[in-house]
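Chains: A, B, C and D, in written order; residue numbering restarts at 1 for each.
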Amino acid sequence: MRNAIEAAGLGIGWIEGDVGHGPAYRFNDPDGHLFELYYESERYVAPDHLKPALKNVPQRYVGRGAAVKRLDHVNVLCKDVAANRAFAQEQLGFRLYEQIVLDDGNESGAWMSLTIAAHELIYVADYAGLSGRLHHLAFFVDTREEVLRAADLMLDAEVPIEAAPSKHAVAQGMFLYVYEPGGNRVEVTTGTHFIYDPEYEPVAWTQAERARGQAWGVRTIDTFHTYGTPDVSGRVTGPPIPPTSRVPAL
Amino acid sequence: MRNAIEAAGLGIGWIEGDVGHGPAYRFNDPDGHLFELYYESERYVAPDHLKPALKNVPQRYVGRGAAVKRLDHVNVLCKDVAANRAFAQEQLGFRLYEQIVLDDGNESGAWMSLTIAAHELIYVADYAGLSGRLHHLAFFVDTREEVLRAADLMLDAEVPIEAAPSKHAVAQGMFLYVYEPGGNRVEVTTGTHFIYDPEYEPVAWTQAERARGQAWGVRTIDTFHTYGTPDVSGRVTGPPIPPTSRVPAL
Amino acid sequence: MRNAIEAAGLGIGWIEGDVGHGPAYRFNDPDGHLFELYYESERYVAPDHLKPALKNVPQRYVGRGAAVKRLDHVNVLCKDVAANRAFAQEQLGFRLYEQIVLDDGNESGAWMSLTIAAHELIYVADYAGLSGRLHHLAFFVDTREEVLRAADLMLDAEVPIEAAPSKHAVAQGMFLYVYEPGGNRVEVTTGTHFIYDPEYEPVAWTQAERARGQAWGVRTIDTFHTYGTPDVSGRVTGPPIPPTSRVPAL
Amino acid sequence: MRNAIEAAGLGIGWIEGDVGHGPAYRFNDPDGHLFELYYESERYVAPDHLKPALKNVPQRYVGRGAAVKRLDHVNVLCKDVAANRAFAQEQLGFRLYEQIVLDDGNESGAWMSLTIAAHELIYVADYAGLSGRLHHLAFFVDTREEVLRAADLMLDAEVPIEAAPSKHAVAQGMFLYVYEPGGNRVEVTTGTHFIYDPEYEPVAWTQAERARGQAWGVRTIDTFHTYGTPDVSGRVTGPPIPPTSRVPAL
C-alpha cells in the first residue's frame, strides 16, 4: 500500500508512534487530509473500578452522557470527490457502497468501507470549494433509542443541535448532529445496514432522489451542506446558530 | 353536565345509540364541532382466532401495519381558543395542562385532559379563521421505536408523511404525522408525560419559546400550521404535497 | 376519608409535615403498614445548573444511572390480601384492576390504582405469614429500552439482579428487579397499559394461569415469592444471592 | 479452499446450482454436516408492489410478523467442537472470536465469523453425543425493541417460546428462541458487538463463568442445552414443551 501511495506522490513518511499505537506511515489523500496507517496498537486495560462484569467487553458500562461505544466513521469535505474516492478504493482498498452523482455527471458524495459496515470513510463535496476540511466525526451507539436519548441530553446540556434525530436515506443510519465546543460537527449514529454481497453494485443517488430529503422526508438543514471545519464563514468563533421557526409552532 | 351545556345554548339532544355505544347526548362546542356524551358501551369480544394469550388485553397482538393500540387524543381547530378551552374546562370538566399564549394575549393552543395523560382534547387556532374543522386524530403506540417503525412503513406504503418522527416540546410526545387517503391528518404518537399533581399549574408557552421549534429544534413544517380538514385550499383533492429539499442533501 | 379510617379503628393522627409536604394524617392499613395522606406539597425548583431547556419538565435530563423518572408503584406484603384490598378500595378510593384468586378462593394479590395507570398500590400475600413488610418499590422509566439499559448498568455496577428484564403478565409492565444495598427489592419498570373504562371488570388470574410464568413464559425466580423486607431469613445481612445455573450455558 | 477440503477427505463434489445461486461445491465438516460453497448468486428483484421507496434496500418494508431482515448465523451441534472449530478456521477461513473451554480442557462451544459480525457459524457440543444435528438458525432484526415485539407476536400466535428475550453473555446478542412447527429451534436476534481488531484474542469462557447464566443472570433453560434436531428424545412429534412455574407467580 505504501508503494502505491508513494507512486501517487502522496507519501510523507514514518512516525515512531503515537498515543495508543506504534509506528505509522503518514500520507495525504489527494485533497490534502493527513492520513496515517498503523498496525501495532495498545489494547486498553481497564482500571479496577472500571473492570466489566463480562470479559468480552473492554470496560464497565457506565452510561454517562450519550455513552457512545466507538468511532463509527469519518466524513471529510474535498474539492474533487471522484479523485479522492478513486484513491481510497485503489490505493487504500476501500469498497464503494453508495454515492451521489449529480445531473452533470460530477460526484458529490461517496460512502466507503473496509468491512460490512455501511460506511467508514465518506467524501463529500466542499461547498466553499476548499481543501482539507472536515464534515463530521460519527460515534456509534447500539440502538435508535440511544440516539433519541442523546438528543434529550444534548438539549438540556445546551449543546447546539444542528439536526435532530432522524434517518438517513443514504446508508440507512439513524443520526443526530451536534457541534462540539470547538465548532466541529459530531454525529451520534447507529445502524445495521450491512453489505455482505462481495460484488455489491454501488448505489448511485441522483440529484432528484436526494432532493426528497432524508429517509422520512426531513429537509436537511442548510448548514449541513455549507458548514465545515476549519470554518471560513468569517464569524469570530463558533458554529452556526441552528435556525429557529418563523411561525408559532404547535 | 347536560344542564350546563343547555344553559350555554349548545345542547342538541339525545340519540338512541350508535356503533359500540348506547344512548348519547349530542351538543356543540362553541366552535360548532359535534360532540357526544355516552356511558353505556359495548365491550369488544375477540373472535376465536383473535383471542389473546393473556386475559388482560382485548385481543391478540398481530402487529399489522403501525399496530396502533388506541385513540390517544383529538386536536380540533377553532376560531377562538380561549372560549372553547373555557367551555371544555367548565362544562366538560377537562383540566388544562399546557397552552400557547401569544404576545398580544390571545391563546393559540390549549392541551387538556380528563386523566393523568398529557392530552386528550386539544384546541388550536384555525389559520384560515374558519369553524368546526379538524387538525388531527392521534393514535397511541407503546414505544418510541414503534413510531420510528411506523415511519418506515408509511414511507414504503406511499402514505404521505407530513412530519417525520420527532418529539414535541408541548406535552413531550413523540410524533409522526401522515395524511390518510381522505386528506385528514393522522398522528402516530407515544409518550409518558403524566400529570399526577392535582393542582398542576398549566404551562403557558410564549411566542418566542414556540419559535424554537419542536423539542429537539426541528422546525415545524408550514402545512402543520395552515392545513386542516375539510380543506379550503381550493385544490381539487388531497392533502398538501409534503415539501422537498432545495439543495442536494447528503 | 379520615372519618372512614377512624371508624375502622386504624387512625393514628396528624403530623405537622415532613420533607416536601405539609400536614399529613397518619393511619395504618389492616396489615399494619404506616400510611400518610397529605395535600400540600412543595414543588421542586431546580437550581440554575439543573434548569431544563423545556419548561414543562421539572429538571434537566442528565441521564445518570438508570435515570428513573418518578415513583411508579408500591408493592407491600400482607397476611390477608382480601382485607387490605377491600380497605384500599372502600376507605381510600382505589380501583381494583387485577388480582390473583387461588383455587381455594383466597386472594393472593391485588393490583390497584387511583388513576388510569395500571397499578399504584399492590398487595401480595406474605410467604412468611408476617405483617407490615415490603415487597418492592417501583420506579418508572419512559421506555422498554431504558429497562434493558438499566440491566446493563446494574450488571456492571455489581448491583445484585434478582430478575432480569422481562414482561409481567399481570398489568403488562416491563420489569427489572434488583436489591438496593439495604436489602430492599427495587423495580425499574415501564408500561403503557392504561385503564380508561370507568366500569372496568377486574381481571382475576387463576392459579393455573399464573403457573405459566411471566408474559413471555419466564419462570419467576423463587425468591420473588419468598423474600420481603425486613428480612426474616436469619441471614445476618443482605438479600438472597441470586441463583446461578447448574449446567454450562451457551 | 477446495483443495484444502479435499486434502482433508471431506469433499463431495459440485452441483450445478440451486434456488438463488449458481454452481456450488459440496463437502462435509468433520461432524458430517453438509456445507456448500458458491459465488454466483441471483439478486432479488422486487415485484412492483414490493418496490421500496429507497433504492438501497431490496424490498419494501411491510413489517409482517417478526419482520426479520436476514439470516444472521447458524449454530450446529457436533461431537467434537475443537475438531470442527479448527476445520472452520483452517480450511474455511473463519476467525474465532469466543469459545467455551471446560475445566477438563475440552471445548464445548466456538463462535466464529468471516466478518466483523460477532458470529456467523457456531459449533456447540451435542448433549446426546450425536453427529450432524442443528442447534438453531438465527434471524436478524435491527433493534432490541423488535426482539421484544417478536416475543409479543409469538406469544399470541401460539408459537412455543423456549427462551424469552434476554441478552447473551457470549457475543452480547439479544435473543428470543422459539420452535418452528417442524421442531427446529429458531432465534430472533440483534446485536452490534463488532470485532474490528485484526488480531483479536479469542475470549475463552470458563465453566464457572458460564454458570452465571446469560448476561443479566437469566438461567438458561435446560432444553437449550439438551435439545437439537433431528430430535432423538423418542417423543412422537414436536419440540419439548416449555416449562411452567411451580409456584404461583406475581
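Convention: contacts are C-beta pairs under 8 Å (C-beta built on N, C-alpha and C of every residue); 3 or more make two chains touch, one makes a residue touch a chain.
Note that this is a predicted model, so its numbers are computed, not measured.
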| item | value |
| --- | --- |
| Copies subunit A and subunit C touch via same or different residues, half shared test | same |
| B-C compared against C-D, more contacting pairs | C-D |
| Centre distance in Å when subunit A and subunit C are each reduced to the mean of their C-alpha atoms | 45 |
| Distance from subunit C to subunit B - Cα centre to Cα centre, in angstrom | 32 |
| Distance from subunit D to subunit C - Cα centre to Cα centre, in angstrom | 38 |
| Per-residue multi-chain contacts in subunit B, two or more chains | 54, 143-145, 152, 155, 169-170, 215 |
| Sites on subunit C touched by subunit D in the complex | 100, 102, 108-109, 124, 135, 144-145, 148, 151-152, 155, 161, 164-167, 169-170, 207, 210-220, 222, 224-225, 242-250 |
| List of subunit B residues in touch with subunit C within their complex | 39, 41, 43, 54-57, 69-70, 98, 115-117, 140, 142-145, 169-172, 190, 192-194, 196-198, 203, 205, 209, 215 |
| Complex contact set, residues of subunit C against subunit A | 52-54, 60-65, 143, 145-146, 149, 152-153, 155-158 |
